[in-house]
Amino acid sequence: MEKTRVGVIGSGYWGPNLIRNFAEMPNCELRGIADLSVVRLEAMAARYPGVRTTTDYRELLNQDLDAVVVCTPPHTHHQIAKDCLEQDLHVLVEKPMTTSSRDARDLIDVAARRDRVLMVGHTFVYNSAVQSLKRMMDDGRLGTIHYIDAVRVGLGLYHPTVNVVWDLAPHDVSILTYLLGAMPLKVRAEGSACVHPTVEDVAYLTLTFPGGVLTHIRVSWLDPSKTRRITVVGSDKMATYDDVETNEKIKIYDKGVEALKPSNSFGEFQFNYRYGDIVAPFIEFQEPLRVQAEHFLECVRTGNRPITDGHAGLQVVTIIEALQSSLRDGQPRVIDGLLESSPDVLDATGAARS
Amino acid sequence: MEKTRVGVIGSGYWGPNLIRNFAEMPNCELRGIADLSVVRLEAMAARYPGVRTTTDYRELLNQDLDAVVVCTPPHTHHQIAKDCLEQDLHVLVEKPMTTSSRDARDLIDVAARRDRVLMVGHTFVYNSAVQSLKRMMDDGRLGTIHYIDAVRVGLGLYHPTVNVVWDLAPHDVSILTYLLGAMPLKVRAEGSACVHPTVEDVAYLTLTFPGGVLTHIRVSWLDPSKTRRITVVGSDKMATYDDVETNEKIKIYDKGVEALKPSNSFGEFQFNYRYGDIVAPFIEFQEPLRVQAEHFLECVRTGNRPITDGHAGLQVVTIIEALQSSLRDGQPRVIDGLLESSPDVLDATGAARS
Amino acid sequence: MEKTRVGVIGSGYWGPNLIRNFAEMPNCELRGIADLSVVRLEAMAARYPGVRTTTDYRELLNQDLDAVVVCTPPHTHHQIAKDCLEQDLHVLVEKPMTTSSRDARDLIDVAARRDRVLMVGHTFVYNSAVQSLKRMMDDGRLGTIHYIDAVRVGLGLYHPTVNVVWDLAPHDVSILTYLLGAMPLKVRAEGSACVHPTVEDVAYLTLTFPGGVLTHIRVSWLDPSKTRRITVVGSDKMATYDDVETNEKIKIYDKGVEALKPSNSFGEFQFNYRYGDIVAPFIEFQEPLRVQAEHFLECVRTGNRPITDGHAGLQVVTIIEALQSSLRDGQPRVIDGLLESSPDVLDATGAARS
Amino acid sequence: MEKTRVGVIGSGYWGPNLIRNFAEMPNCELRGIADLSVVRLEAMAARYPGVRTTTDYRELLNQDLDAVVVCTPPHTHHQIAKDCLEQDLHVLVEKPMTTSSRDARDLIDVAARRDRVLMVGHTFVYNSAVQSLKRMMDDGRLGTIHYIDAVRVGLGLYHPTVNVVWDLAPHDVSILTYLLGAMPLKVRAEGSACVHPTVEDVAYLTLTFPGGVLTHIRVSWLDPSKTRRITVVGSDKMATYDDVETNEKIKIYDKGVEALKPSNSFGEFQFNYRYGDIVAPFIEFQEPLRVQAEHFLECVRTGNRPITDGHAGLQVVTIIEALQSSLRDGQPRVIDGLLESSPDVLDATGAARS
């Protein structure tokens, strides 16, 4: 089998992790790295001696490449990804796919015209724990979903041009839309800019999904305890996904409350409580970035649509855009319902299951 | 010293804890208990042989009492407390003081006319950990307060006539107004009624305080993990108060971020991170209900105004009322700024310090 | 049904908990309390108005009692329990039953001659979590038991006349003999007297059970973190019992290692690792002291032999005696194998199941 | 400055971590890797394209090298390290330095004769948390050390030829001798071979240090919860070092007990309890393997004696040897007191401070 030839644009904070994964995969050849920083390029050249480096990403595109990974600041994603697609290269772009839904739609169009794979790095969708939670919910093991609560806080890396909503919330938004297999109907945001006058570093977000399922996301760059926690409350069971926990990332609680229809003449509801076992299912650890990279290469080779394709990227950008807008006045924003999505569960081989 | 003669109305879920504390205090004589349930009265009579019991609380008021503790369902507080005050009895009433601000104002008026002590059982204000946090904030050790986040969730006891906002939020609202020494300017609520169609069991509340200090309260009767946690983020330090934790209830984190004014020609902010020690100060445990009971008896004897007096009760009821109203449409409610408050720190003897 | 008439001797540190339980049980009448301290007796008299109090326990024995609970310092157990038995009273005595195996045998003899119930307060045997663990082991769910590790440490209450082995180890020794249903063949102890020159406050104990099952107990009065933890490692599963944990006291780990018989010509073993789910079974909480008190009353009424009868008490005293002896020179002590025991699981009604 | 030329022998389980560190240091050139496995060598060649690989480590020694890192199975350390030293190469050898004290002495002699650096990979000595604990103890902040308890358990990797004492205990033994700056006078071991009949996988070790300071090490390959915890109890403060914890690895507890000399006529000791704050000092994380590698290169360049030099290696081997011997009969072994040691604290630059 021929190796897929890959170039990476951007080797800053997150880029080296992507580079390492593509460099180590047997069916892939890492050929070039572009970055504006000569210092970073030298570090990469020392670590990956055979790989060409350049400060001009366009030079990279002229080499014999099949695919490009874009890992630059968000506001540059659209231009760079578009340039790549127009050179007939498959593209994996970091989240958020773009900084506006218009740009996201544009990328989808270009990718469609050129018949190239356009995939977004919604890494958590490739996380074994999230996959496990998704299967549990799809199998109905939690019952009807009552609500979902997500917390992603800690001492964050401030960016003068990006706020905490654009930085952290795409993770949770991509997880929520994936788990629920739907777009929210309505979103709202409140936040505060504590450290820098124009950069929100704390935000509380509500997303209401079809069926009135309330979900809430708390994001903060300014919290003493690193927390990455999602609580899914269903009518039959409750589950938590704690990404900071080493061994028991997912816990399923066989407990809940039921309101029994009034049987007496007073018409009073009775509440029935259920307490049962707590199970932490064994989840084989796989580095999500590796699973994501393999899925990308697989889609490049087969032409399959990635789980986190351009549409998934557009969904997340659309939601973040609406949250950002709501953040200004605290008023809710209705989400355009025309978007379609088809998130799937990965099967054991890393391929998407329909 | 003569013993203060006390009667208790209501011996349901929470009442026995209050009864036990008043029964065990040396400067107090528990004389009577009223409850609608004969079964509960029998249990109390067995445990406290000398105490008279009755199903009609008005009978209690005719006995030789100095003070009454009201621990009945919230919608009965106003009537019962008023009856007691009008019998010239001092009153300690459970939180929420009443179910409407109008009723709360009425009680304050009656207490003033009769010159009686009216105190509300905002127990957390008498909690050593909250007191310790309050002193820290007042001393300026945390710097300027950026925001406060509160979480109070678990598997709750459902009431068909009370929702989670009226049941749990008074705790956090009383803590927040006490810690910040102020009323919020604006509040907003979103919630969901998951188990019973008309009873909200999950709610997300934002309270904006003077100076733009954002505070958020998450309350839920439907969460797998009991959590009681308040995070106070200041410009100098951060602190957490975890009431579920046994030994390290308060933790102070010497860490944070600062935005340094732009010095270069690009006008870019620099962010300065600080990481330091984490300290869990030793806090001598005292049962908050006991401290509260002693403070009540002290106020009865001295005529002092309690820390959690009728005004404090009115503040909490006003805020909950506004939150409840906001819960219907998600729109913010402005809080009437005329209310004044004067929460204080208890000194070592349990007396209020001005 | 007639109420069993009970007297309690000793109302110091632990006594009030026993007194409260006997006072609250419907089929029991608490008639008298003896203690050397007049102050303590006054506190008890205030709390239990109908109960007679005395500083001379022998006075108590002349009243119309059916049974006595002995909760005095260990070195007084033998004399007091013997006096009670010889007055034809049933006896529940706190652990350790006596301070020498000779005294323990003597009490067993007296109880047998008088045909009275002699029961020891090995409270942990009546703990729902220990009962659950016992059932699991007896059902074979853990497979063959490889070894057991027990830790009981924290900042302890020092006694000038009792060391940490006599104070804390009886808990773990009674749990281990109960869980394994056997006496150790050999024990050994090492320790240190850190704070007071003649009182060991730290000790490491090994007890080797039939089949070579190694068990180890770490006890310390001088540790910063309160820990109460037992780890049972079986060939099929591993389990932990963490008594400090609120919700997940018992956890069962479906993991382990197996040595596969050599199949290749090099004769090398292969090691097979198994990783599976972690389950925290729901355990309905019952106050162990209450279960113990009910079991005692049941035995008094029916004449049944208690799970923790005199023989169980003798076993623990014999083992502690041997450990204490070993503590002097670090040399192992062989345990007299003639002792027989018959610990059982309580059934749902609190009665012993054979 | 010329780069130190380094070769690595052994690229199995642990080797790749050492290789990565030496490959990334600027003042070092990784020139060759030897391993018996061609598969592993190919993986290394792919990752480090310029580095020569060979299945015969002696070939490596003929290249232009300054120093060699030996990371092979323990029983091969002596022969390989000796071959390297005799080629006038500096040597860093993994722990345990050798499998007998005789071999350890031999290596020390050869290194002395050839005037080469001989250093052992007691990595935990280069761990910032251990360094911090050491400074605290040396500064007297904990007071007199009462005892130390160490636990290192989890599901381990079984080796048919090495037991848990040789595999895990060298870590704790090297930490204990480093922290206390002394050799134990007496050691004893008890253990069990649960999974494989001849390989101990569970062991309890006591090491008595000068002044009667008791230390205890629990090691197990067969425990459900990964634990790496050391508790140091001093007369003034207590400290814990929890290597599994992310943020609060070191905690200092300002609590303890004191026995006050008898003042009353009964001659009874009074016990005085102290409860104070808990502090988790901020510790800047540095990868211990990196600090160790830098220290090695520094010693190679300057000729300085490493903190974990051959003598430190001999100490650990001597103690493990005695423990292994004791494991057979449970009888204590006296340690030869002639050994001298000079462990030091690293200063901020990574150089040893006398």
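Each chain carries a letter (A, B, C and D) given by its place in the written order, and its residues are counted from 1.
Everything that follows uses one rule, which is that a residue touches a chain if its C-beta (ideal position, glycine included) is under 8 Å from a C-beta of that chain, and two chains touch if they have at least 3 such contacts.
Computed from a prediction, not measured in an experiment: that's the story for all the values here.
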- Touching chain A and chain D alike: which chains? B, C
- Show which chains lie in contact with chain B and also with chain C. A, D
- Message: Between the options B-C, A-C or C-D, which interface matches A-D on more than half of its contact pairs by residue number?
- Response: B-C
- Calculate how many whole Å lie between the centre of chain A and the centre of chain B, each centre taken as the average of the chain's C-alpha atoms. 40
- Message: Can you work out the whole-Å distance between the CA centroids of chain B and chain D?
- Response: 53
- Note on the structure: Where chain A touches two or more other chains at once, the residues are 247, 275, 278
- Along chain D, where are the residues that touch chain A in the complex? 24, 47, 49-50, 226, 244, 246-247
- Message: Looking at the complex, which residues from chain A come into contact with chain B?
- Response: 146-147, 149, 155, 158, 160, 188, 190-192, 194-196, 201-202, 204, 206, 212, 214, 216, 218, 220-225, 231, 233, 238-240, 251, 253, 255-259, 268-269, 271, 273, 275, 278, 330, 332
- Message: Please output the residues of chain D touching chain B within their complex, sorted ascending.
- Response: 247-248, 254, 275-282
